[in-house]
Amino acid sequence: MLTAAIIAILVTMALALVRAFLGPTEYDRMLAANSFGTKTVLLIALGGHALSWHSYLDVALLYAMVNFVGTIAVMRFFENRRQDGKEGAGGAS
Amino acid sequence: MNEIPGLFNYWVVVFLMMAGFYVVISQGNLVKKLVGLGLFQASVFILYITMGNLSGGQAPIVTEGVFIYSNPLPHVLILTAIVVGVATTAVGLALIVRIHEAYGSVEEDEIHALDMADDDTRLQEGAEREESSE
Amino acid sequence: MTLVLEWTSAIFLLAGSFLCITGGVGLLRMPDFFSRVHAAGVTETLAAPLLLCGLMLQMEWSLDLVKVLMILLFVLATNPTATQAMAKATLIGGQKPLVTESESTKGDSPSNS
Amino acid sequence: MLIAIAAIRMRDLFGVVILFGVYSLLTAVLFMDLDAVDVAFTEAAVGAGVTTVLLLSSLRLTRRWEAPPRHNPFFSLLVVGVTGAALVYATLDAPLLGDPSAPVHKHVAPHYLQEAAGEVGMPNIVTAVLASYRGYDTFGETLVVFTAGLAVLLLLGFSENGKSRIETSAIHDQVALKVVVKLLIPLILLYALYVQFHGDFGAGGGFQAGVIFATGFILYDMVFGVENARAVMAVAWLPRLAALGVLIYGGVGVYSMLSGKPFLDYSALSADPVQGQHLGVLLVELGVGITVFSIVLSIFYALSGRRRQS
């Protein structure tokens, strides 16, 4: 059962990766990367249990955090760029 | 464990390393060069960790009933190397930001062209100054 | 007791993997960004707890169980937030959702990126 | 693994950065599979989090789109191909994966594995080797990180005029995000402390904990704005904190030297050598953690606080 779940997660990761490649807009890439990160957390949790890795849960927890932080960083990047663009148009540099 | 999976990791490492190398030497964009450097770094990390692995081994944390551990030494080296790697990457990024402020570009060719133009004007100025002093 | 646990865990895991794959397919096949957010976000938010619950039911009672619970709570807290914030950032950033079928043929071109 | 590489050919630097983050995640999974828990930990914290953040904030300062290539890539491809072929040829002689008779496993590693639990008294051998046996190396690495941070500060400096960048300070209108982040940040900091002090027993240690701690502050900065973050953690304190971390590390070494033992021999710290080792490792990890935290945070401040000048 664990194996089936792991295979399902791997398939989903591959799909998300394809979306990250194709991604017509940058927002799609961001979404795909976020989804990929979540799947990685699940993969480590399940795979670690199946293969009895040592202290895999710490790493999974850390991933969950880092994934969130990374997504927020990307969003802030958009926000800032938009504002920079506005200022550039306004001529206040 | 037969030969092909035994060496497969090394080939992955070689492929990654060459990909990073290619990016570093062929791409003109400095930020991308840094990403290539990061790739190269990661491949070296994988190489070390691969060498430290031991079949049937466990992570090197002493637990009851486990007798084979992976080699902890490469882990230590790579652990510090990752943090140092991010620090050096940060230095590179800072340099790139300064370069962008000074030249208005992060493309190697454009910077080079600007440099050459700068040198030319400076040479001309120097020549004119010499002429005027004479 | 163990049989019940095994079966519940199996059901959880299967449901989780089904949702996971559904989300992945949706992420790939949906026509525009907002429907993709929908596909990925909703399924992911349910799939992750399901899978982790299935995992928890298989483990013995230990500190690891608490850690899995923490991961669960963390994912449960961050994932919807991140998805919502992403959708909002996209909307602010100028992307418009596809509304009708006729628009999908005209407006699919990446006019603003 | 291999797929993530093709990404490099993408022209859009933003996409490159995101795919680099994904690649880093995959690398960390591979490390997990190769039993290197600590390394996976570090790679996850550093590669996927901090590197992405730093790359993005410097991308904001420069241009996003790459110019079209002008050189013929054939020559560089040739060089790369030849080097790669040579390296593949070299791997044919290399020991197989997991071979216990490989030369790596013959030198000092068995000694560490067998004696570390008795001599240093902690289960996590990576931490023991890192902080005790190879304490000199780690001291050097900490100094390198410190120097790199100083170099970044010299190059960029903190932006002094806070008033001109109020408008770029926070993500607007994201109420749900703010609430959740407010809830999560204490968790992240607590987790960082757990990693810091649990490093003797499980995966973790000063390097990772510093990075995670800094990640918590970076998150706060990104969501609530620079002014708030700097009110919590004043900029002026960061270099001092970094220096303090290095001083703690060096001070432990000097103390053991003054007690008549070699530099960084922690058994001088206590009557019981094992106890002393434990204490020494704890102090040293604390120093490393403080240094890494303040350096990572100050690099982030320096990069993100700078305005784009065009």
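We call the chains A, B, C and D, going by the order they appear; numbering starts again at 1 in every chain.
One rule holds for everything that comes next: a residue touches a chain if its C-beta (ideal position, glycine included) is under 8 Å from a C-beta of that chain, and two chains touch if they have at least 3 such contacts.
Computed from a prediction, not measured in an experiment: that's the story for all the values here.
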Set of chains whose contacts include both subunit B and subunit A: D
Chain centroid nearest the full-protein CA centroid: D
Interchain centroid distance [CA atoms averaged], subunit B/subunit D, Å: 15
Averaged-CA centre spacing for the pair subunit D and subunit A, given as whole angstrom: 19
Distance between the centres, which are taken as Cα means, of subunit D and subunit C, whole angstrom: 30
Gap in Å, rounded to a whole number, between the CA centres of subunit C and subunit B: 35
Shared interface positions of subunit D, touching two or more other chains: 35, 37, 59, 171-172, 177, 181, 184, 202-203, 309-310
Residue numbers of subunit A (touch at least two other chains): 26, 30, 53-55, 58, 61, 65, 67-68, 72, 75, 79
Set of subunit B residues in contact with two or more other chains: 58-59, 61, 63
In the complex with subunit A, residue positions of subunit D that touch it: 3-4, 6-7, 12, 14-15, 18-19, 21-22, 25, 28-29, 32-33, 35, 37, 40-41, 44-45, 48-49, 52-53, 56-57, 59-60, 64, 167-168, 171-172, 177, 181, 184, 188, 191, 195, 202-204, 212, 215, 218-219, 222-223, 308-310
Subunit A - residues contacting subunit C, complex: 1-2, 4-5, 7-9, 11-16, 18-19, 24-28, 30-32, 34-35, 38-39, 41-42, 45-46, 49, 57-58, 60-61, 64-65, 67-68, 71-72, 75, 78-79, 82
In the complex with subunit C, residue positions of subunit D that touch it: 171-174, 176-177, 180-181, 183-184, 187
Subunit C residues within the subunit D interface of the complex: 74, 77-78, 81, 84-85, 88-89, 92
Complex interface listing, subunit B residues touching subunit D: 1, 3, 5-12, 14-19, 21-23, 25-29, 31-32, 34-36, 38-39, 42, 45-46, 49-63, 68-91, 93-98, 100-101, 104-107, 109-110
